[in-house]
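The structure that follows is given in the form of structure tokens.
Chain naming follows the written order as A, B, C, D and E, and within any one chain the residues start at number 1.
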């Protein structure tokens, strides 16, 4: 059935632009668009004038100039001879790394706290409430500064680990010692952890702009493969349950499948750990995790976990008591009830606000500035901006990157949300 | 131009450090004092006749040049290094050097290091957003040794880290090192290494293209230098003005000639500046000189007549 | 089987058996109900013990009187023995005013104090619409607060008398005609601005006159040229007034009737004064913008909707810190060459945009919660779009959004600490840095953070509790 | 008395609908509707769920837009012209199934809102009118309560009073009693009957057949978006013509 | 037919409660409850709100813990022993006032969940059983919808079917119709009557007195946490003994 189009009976009058429902919204929109365009033109014009007045021009060529500064934490190769663009990448990766681990740890801690807050244990639930309220009501910046100060003030200096000849002779122990079977050293500069090394590593291939580490790729492939096989195993178990009603025990097979091949691969590649050693001023060997990173991560985790705990609690409480009672009445045990009834429903309630916490956490990594963590803001929006004096370009680029990250995360959220929406009349 | 703006406003806006002991920092009651601060006050005295008519706008390493470019501040007196790229690309003009400095290293004595070249593998604390991080990178590269940078936002944080042992060495301008060292609980246990790895001429900067204003700032500074050279102090400036026979001093103090007026100022503008803060030597001695907690020798900053580099063009 | 049964005597309620009563039962149920719970309880106790054992001596050895950190340490060592640690609250004792007021001149402290008190007076009609009792309590509390703090701050007698008279007058008004108090709320922004920054009293009055002009133009033009054009004309008139007449007129009035307070520059603002100024103005100004954005986002006009969504998503997609850097580094690029204004003002503008985007989402939630019937009933009664919004939709949407608005405000208030990164003296980093740059207090770190953190906690926790109370109250409202 | 009420029909046309069609997207909800309502007439519209009853009366005050044909209300044609729409809406009162009172305003404010802002009546006068109509629906004592504090029946009577305060010439009712508990239906119907007796032009979607028999001049039966049958109530109930009408009547009267 | 149903009572004891007391904190909710339910008996429990009806039947499958006395269900005493509780729960089905279907599972999944995980029935078989009971409650065509897509009456019938899928020997109902719209009450009651006729042992808290008269062997009246009166429905309604019962009956039947 086609939609009938109504021919206007009276000819067009100007007043119809305002009083006719058909044209009114066009009028408004055109006015708004004009105003907007004027505003944009005005801003652009001002910017052009200001740039001219300062003898600058708007271009991004500086990104390919030599950066000239060093960065403490670099997960891709970078020296002070690299370009500003490379520095940007290093910063971006640093941002993403903190954000990634922050989200993971905050989720774990948040879920635990959220569940414990609902516990019938009076003491524990009170303690969790205190934790949540304390962290939610005090600025994140304070937690970042504080955890940094604590880390760097309460840990020993590298030289406290040193055993001098006299001490050895006198049989004295050094002031500080390494932990975890002498593999990890926590100093006031950072945490030295062992580095994985391979005797028979697979090397890497250079693809021009990125270099692929084949050892890492192989490990990833094996892990992915194990997961796939495990997935098949679980599927087979489920099929058997559907057929016979009895679900075979799979946990030991799962463990074998998940870890066996990986361990075998590691052995084949000659995996060993390079333990940090005190040499000269510092521990050398191993990986140095700077305190700026650790402090930022700890603060972000603790702060965000407090919010996540509230979300989890609300999510679980949102599921009416009736749901678990119905499951109990059917004879389901509490842990099954949680897994089959409570969690699937709670997740639907929890995920959207959880993702927005992830977004907040990601944006909050920019507070790394307080502990001079060289993330995107520290490299592109900090030192590069400073050394080149290109604040307009640097800031715009930085906002664009943050915006992109945010949009990607929220797009993923919307997709997920749509897929789990409860069906209703 | 900026001069007219300042006069119209009745106040000078001076970009300052967020807090660097001896050079520019607010005290408990919010009064700004320091070596750089006094230059601002001298300018205010010269232009407006009142050294208190200054508003200090704290700027960080990152915001300082933008603040100047955008006109937020009239003059930036914030221990900023005069370098080629800043002069050319950033559209600023450095008008003088009020302090000759160079980047150095401070380490704890018991580290057993006597030269910066022995710092291979050391952790070095460094302030971000300055020329020092570039110099540092260059220095270690030239000497083919490695280091681990710990970047920090400001001087007090850098000191805290250094004292806590979070870094083996602290690098910044030698004046800053000396200032820090002076305030440390047991200053003797720290040494400043002999290497000065860069030239750090620090001076006031103004916007590019405003030559009249640049001249005012430059010559106010030179007036303080000339005053020291000629022995004019804040205490004796009135008396000298009436009694002097030296023609240059007469011109300086506005007794003869039209020096001030030619700049668009009052004729006794420089006299007021000297009366307000004293000559260069007095400013130095009061804020950072020997005897203060900072305790810096004049060194390169002595007058040319005393073997230093501070040299003012003739006042004529 | 037939069971006939009829009870003649009702059984009285009995007390539960002994195992079901008292502390034993309580402990069994709440602490040791299962092995897992028992372990958790013990772990919790251990954690509390560890925390207390580690920090209690530090608290107990607090030093309140000293001139420097070194002295503090000496006193601790003397009283508690070598190696003992102790808090050095002497620093707070000496510097508390910087944490609260920044460098605001001490003889003028009464001005921010008064402004804060009046802020709550201005909020009263919003928080407790029509509830005279609550309003009386609040205003009474404010009066007491003002009398005490103003006395402590050595307020000039005239100002003191005026302030107390004003609050008492408003209290009386709130009991007679609570609605009228909203007029005070309307003029409060100008009053607050004048109190804090000082200068001639005519500047804010003339600025407010712009709004009056706007209203008058709208009022008299509306019947002639219609609502929307009249609103446009009013805005144009007001803007012209502000741009061209504001300065001369207030100058003229000041010339004729000089009256004013000592002008205080923004660079003297710091500490919590700064945080509250930024937070409160940010949220106040962002509310109207947020409402417009939310309406824009709900609109079925594509362009309006796209622009609103674009703005909201952009602002929400970038960290606040980049917006603050925009305020300090970029805003100057976007404005006509030579415009220059206060960094605090610039920060407030960006913070306002930031809060507006978040509020827009909050208010959108409120709008979405309204049943369609409300819109239809308004339409059927013949109300046009703007009247329906103003009289029917927004009052309800805002009311349900209040708790969410409060939490946005809490977030914003916490985020004001970030202004430290553009060189402003926020209480957390800015002031602490100044204190720690002082030779006397170099090396102190726990105390300022605990002090500032505690104040933030009190304010934010108080607000979040209040919003919970509101939420509960709104749920049961009129039912 | 009910019969007396039915006398008051004049020969002036209140609503004239000709060849009206409406679609929701592809779905044809109203098909070729033609009807004329005289001033003072009381019409009851009934029909199965989804037959388009609500849509029809919502078209009459332009809560929904029609796509073809003509609707003339009180001499004003409903087109896209906002002025006409405003005019019609201020002439036509509407009562909804779910009352749609404004919960943030007191009863009195609910009643005076539109007169004050649309009709520009002074507040005092508006309040007097409001109190008059509140007494008429028998709840003057509730004037200062909020809607949430009233029972459903009271709320619906307030909703009727709210419409009346605008002094409408036509009243539309969309299942005014179907959201009410049985005890309250009567009080609302009584109010409506009283209104009918005063000669108000009324269009009422309802399944209260007792009401239809008591006050309607005409009953319209709709199905699948079309008017299937219309007749005076007596004949309509005693002697339905179409099969669908018969089926429908058997269902609602049977239960 | 209803009378026929009442015949099927055996002399095997299904539920035996002796001297049972329960407290919520200080509040004595159930006071000295003694009752015996025979296999095949159908008992209706009624009483004013707050009298402890729900609490009583929730004690029977240990959704609530009792503090004194003995409850023996199908020969198993309810103590803290988890195994006994599991056993009882898999023997006793329960239907709630608010259905409590699992909204994230389809109807079929709702029905097969417990058989698969608790009874370890193969999926195929569970689905067949489920479809059988769905047909029995007359909605086999809804098997693949989600609970949210069904009407209240349909949901409650699904809830009954869900319990039946566990092949329980006893069914508990806690006001199964009180959250339903009047049109839907009948369909649920029909399902329950059918169940009664098949000889299921049933304990039903309800105020549907028609249902009680039709199928109950016995009506129990509770007040203030105690059993005040019990009797065969005919005598219970026609000749109540206690004052309280009379008052209660006058209230619910009067309206």
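The rule is short, and it goes like this: contacts are C-beta pairs under 8 Å (C-beta built on N, C-alpha and C of every residue); 3 or more make two chains touch, one makes a residue touch a chain.
Which protein is which chain? UniProt says A, C = Amino acid ABC transporter permease; D, E = Amino acid ABC transporter ATP-binding protein.
Note that the structure is a prediction, hence the values are computed from the model and not measured.
J.: Based on which chains touch which, give the shortest step count from chain C to chain D.
T.: Each step joins two touching chains, and the minimum needed here is 1.
J.: Which chains, if any, touch chain B and chain D both?
T.: Both-contact set = A, C.
J.: In terms of CA centres, which chain lies closest to the overall middle?
T.: C
J.: More C-beta pairs touching across which pair, A-D or A-B?
T.: Of the two interfaces, A-D and A-B, more C-beta pairs touch across A-B.
J.: Distance from the CA centroid of chain A to that of chain B, rounded to the nearest Å?
T.: 43
J.: In whole angstrom, how far does the Cα centroid of chain A sit from the Cα centroid of chain C?
T.: Once rounded, the distance between the two centres reads 30 Å.
J.: I'd like the Å distance between the centres of chain C and chain E, where a centre is the mean of that chain's Cα atoms.
T.: Centre separation, chain C to chain E: 54 Å.
J.: At what distance in angstrom does the C-alpha mean of chain E lie from that of chain A?
T.: 51
J.: I need the residues of chain B touching at least two other chains; which ones are they?
T.: Chain B, residues with two or more chain partners: 62, 66, 69-70.
J.: Could you list the positions in chain A whose residues touch two or more of the other chains?
T.: 50, 153, 369-370, 385, 391
J.: Among all the chains shown, which pairs meet the touch rule set out at the top?
T.: Going through each pair of chains, those in contact are A-B, A-C, A-D, A-E, B-C, C-D, C-E.
J.: Any idea which chain A residues touch chain B in the complex?
T.: Contacts found on chain A: 50, 54-56, 68-72, 80, 152-153, 157-159, 188-189, 279-282, 284, 288, 290-292, 369-370, 372, 374, 378, 382-383, 385-389, 391.
J.: Touching residues of chain A toward chain D in the complex: what are they?
T.: Touch residues, chain A against chain D: 1, 3-4, 6, 9, 16, 19-22, 24.
J.: Residue numbers of chain C touching chain A in their complex, please.
T.: Against chain A, chain C makes touches at 29-31, 33, 37, 40-41, 44-45, 47-48, 226, 228, 300-304, 307, 313-314, 316-322, 325-326, 329-330, 332-337, 410, 414-415, 417-418, 420-421, 428-429, 445, 449, 452-453, 456-457, 460-461, 464.
J.: Hey, which residues of chain D end up touching chain C in the complex?
T.: 61, 63, 86, 89-90, 92-94, 96, 98-104, 113-114, 117-118, 146-149, 162-163, 166
J.: Show which residues of chain E lie in contact with chain C when the two form their complex.
T.: Where chain E meets chain C, its residues are 9, 11, 21, 23, 25-28, 31-32, 35-36, 38, 41, 67-68, 217-218, 223-232, 235, 241-242, 245.
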